[in-house]
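Note that chain A is present in both complexes that follow, paired respectively with chain B and with chain C.
Showing the complex of A and B:
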């Protein structure tokens, strides 16, 4: 089969995407510098926030979800998705600086497959993360009134959001090629997290922040997760969450494909 | 050694950003997310920003101390520290220099974060005594973080220990009365925070901005005891590791 034919064969490209996604996942689980932010940090924050702010349930009008950890875990899923996305970008930047990216470019694969592989890996990672976080929260008293369908929907929303953030981080990595820049973006993850109702209901947020949340797509993601888990439309609309996550994924994947083309043009 | 460590802050562009920007983001984000907590009965202030501001100052100072440990790990990995070990200088000075630089450096995030809080309307009900307590708590906590970081750096001899250093500081600060006062904490964190020395350091620091914690000896001495104890423990660990590093 010629190089052009390989390039056009959808089956071949799908295998390429799967192989690159698998590689991305393997590197995630082999290196402590990726495991720590993707799994340990969100769980630590869940423990700290769930215990440290649990007295919030006494506030008039605070929504009831059973154990407080059941309310907060949606924020943990969002945080996990953000960090999974960022570590994908960091890994891509490391590949660029280390030369592996150049080797990929010599292979007869569609350039967009390189981006899709990275994003797909993050989506799978998002599924693993969300499942783990929900299981841990369950062990500590969270109960999910949405049942299996609600849990599945929440995991899907979180995983798609992880893919969306991976697209954004990959776009930055492709645009700049700088590993240290990507590593220094870690605090920015918390800007995205805190400008969404990650740990408190939107109505309870401070004045200016409440207005800002309207414009943050992650607001609808975290509310969608919460609504799905507790089968409570008042907490959030899961379908709006899916829409926001899919929209984010599509937009940032397009951004990273553009960044890839820009990078190849300047080489 | 002090001057060399401070040179890095001046020469490396953005060296102060991580220890300043991250705590400011946490300050604004946490204050925005959890602002209603100060409505709870028993909260010693009506301003959640005032409650969280000293925490952010401590966090910034702690990260500055942790960064000193990470820099030492880099020096060890790159061989510079081996050259220092051949010098006739007393060994403890090799740790004291970077620690002093970190403590000097900690004044920057503490001041910037305080300025941000004041600009957003947090007052200083504790006046000058409260302010002194805040700076003393922050700078001294920075020293302890630096000793912790140095111990790990000498043990691991690798820059990969950096995240572990910073996460240790993060945990120490947040597994305390970070978000709510002790009487409002519940479950395992209530017990843990009671025995976490950082809880008492935060109490000392909060005399600056929290109206319900006025400057007094009773709010200060537990923090001083905690800081002294942590300095003794981490100082001993760091000196022990320094003796072992040449073996």
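Showing the complex of A and C:
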């Protein structure tokens, strides 16, 4: 096999993606500053929201999902997915600033594999996160009428959203190469989160915000998760959630690949 | 393809790299490195060494000119070039959160090795660079020397035909430096071509078959260490006599061997021209009954060469900053 053919060999590139995804995951679990936003922060917010705003479920028209925590956990999954994706971008920016990215570039791998490795790592992390959050919420009274298929679907939507956010954060990292910029994007996550019906039904949101939610793809992601968990189409359409998450993933991964090409072209 | 591109390990023609802002870091570099050679690329900080290496390792595109590594154009055939090179860049770019073993296995995967192959190659290289005991420790806990050795091992994973080492011993203690030199020589003995940048003259002298001196983006002198040294002057012979009163007579006798000057009381310095053997000099004095106390030969060093061709010392300030190049 010629050297160029090796670079194009799908099996080889699949191994490269898997190895880079494994490294990305390892970094997540070994770096305290990544564990905090990916795991601790969403659970803290879940505790605050579930206890502090639980009286909201007594409002007329609030959907019935059993314990209130069962309703808001969808927002926790979304928050975790967004933060997991953002930390992927931070890790990539750290690689660029620290020189590890150059090591990847001197290896005979397709540049798209470097992006896919990072995004794949976030998808796997999204699965781990979502499973943990659902388990914790279960311990605190959440029940999932969707059963195992509904839980699996919800986890899949959350994981794909994590990959989507990783694609966006990676694109920013590749475009700017700035670790400090990525670190300062944390507040943006909350803007994305609160312009989607993460913790309240869309009908309960105020006028302008409700209009904004229509254009936020994360609206369909979080509603899809909720609908899948509770087997309740009125809460959200899981397949629309899958579609939104896949669309987000595809769009941001493409953006990231373009950013990689741009970065290499201007070197 | 240039006529020599296929037969040289590295061929560079009129290479230019200009950075945004107009800094011309590499300004028309031409060089050729033969297969199996250790080529020392010597220059101060900011001379253009690292920029040249980054172009040759496909990390940077040249503004003008062309370069081939193992016959592959580093721009048009970058993928093929990457498959035959090993690279250890100036700052050992290692993930501090990974262990040495994990990094080697990752490097194996990046070079297309299957999991078992990557594991075996990694274990083999850990032994080679004597990091077996530290293999499962996070790299963040490694000393500078260990990091450099691991970086070298990573560069060797793909069994490269051409190995690029960018200032591999900068910041290392003498023992670690000597160990790395031994390893570079061993690799070269196995047939690996080595392109080594350094700002240490001693390193170039110890390791390199040929040396290119780069200053302000241009190669200002090139040759074997001996050739370069011979260009700046002949060796000098310092002779101390047992009887200082015989100095003037000795000076007259030695004038036939070269330029002779008084050194200190009872001593002469002979700047030898042509033949460089000590024996005829000593024989001349001996036959005249002049007893010699000590004889010392002083040959020019690469320091002298560097000073002569660049006008400043290698360790001094370079032209501009190369940081980030």
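Operating definition for what follows: the second predicted complex is superposed on the first by the 265 of 267 C-alpha atoms of A that agree within 3 Å, B and C clash if a C-alpha of one lies under 4 Å from a C-alpha of the other, contacts with A are read in each partner's own complex, and residues count from 1 in each chain.
Simple rule for what comes next: a residue touches a chain if its C-beta (ideal position, glycine included) is under 8 Å from a C-beta of that chain, and two chains touch if they have at least 3 such contacts.
Bear in mind that the values here come from a model prediction, so they are computed numbers and not experimental data.
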First (chain B), second (chain C), both or neither touched by A:204: first
Contacts of A:190 with chain B and chain C, given as first, second, both or neither: first
First (chain B), second (chain C), both or neither touched by A:30: second
Chain B versus chain C as contact partner of A:137, first or second or both or neither: neither
Which of chain B and chain C A:56 touches, first, second, both or neither: first
Touched partner set for A:108, first chain B, second chain C, both or neither: second
Complex contact set, residues of chain B against chain A: 14, 17-18, 21-22, 25-26, 28-37, 39-41, 160, 163, 167, 170-171, 174-175, 178-180, 184-190
For the chain C and chain A complex, residues of the former touching the latter: 57-61, 77, 79-80, 82-85, 87, 89, 91, 93-95, 97-98, 102, 105-107, 109-112, 114-115, 138, 154
Of chain A, residues touching chain C in the complex: 2-4, 6-7, 9, 12, 15-16, 18-20, 23, 26-27, 30-31, 95, 98-100, 102-109, 267
Chain B-touching residues of chain A, taken from the complex the two chains share: 32-33, 36-37, 40-41, 44, 47-49, 51-56, 58-59, 184, 186-188, 190-191, 193-195, 197-200, 204-206, 208-209
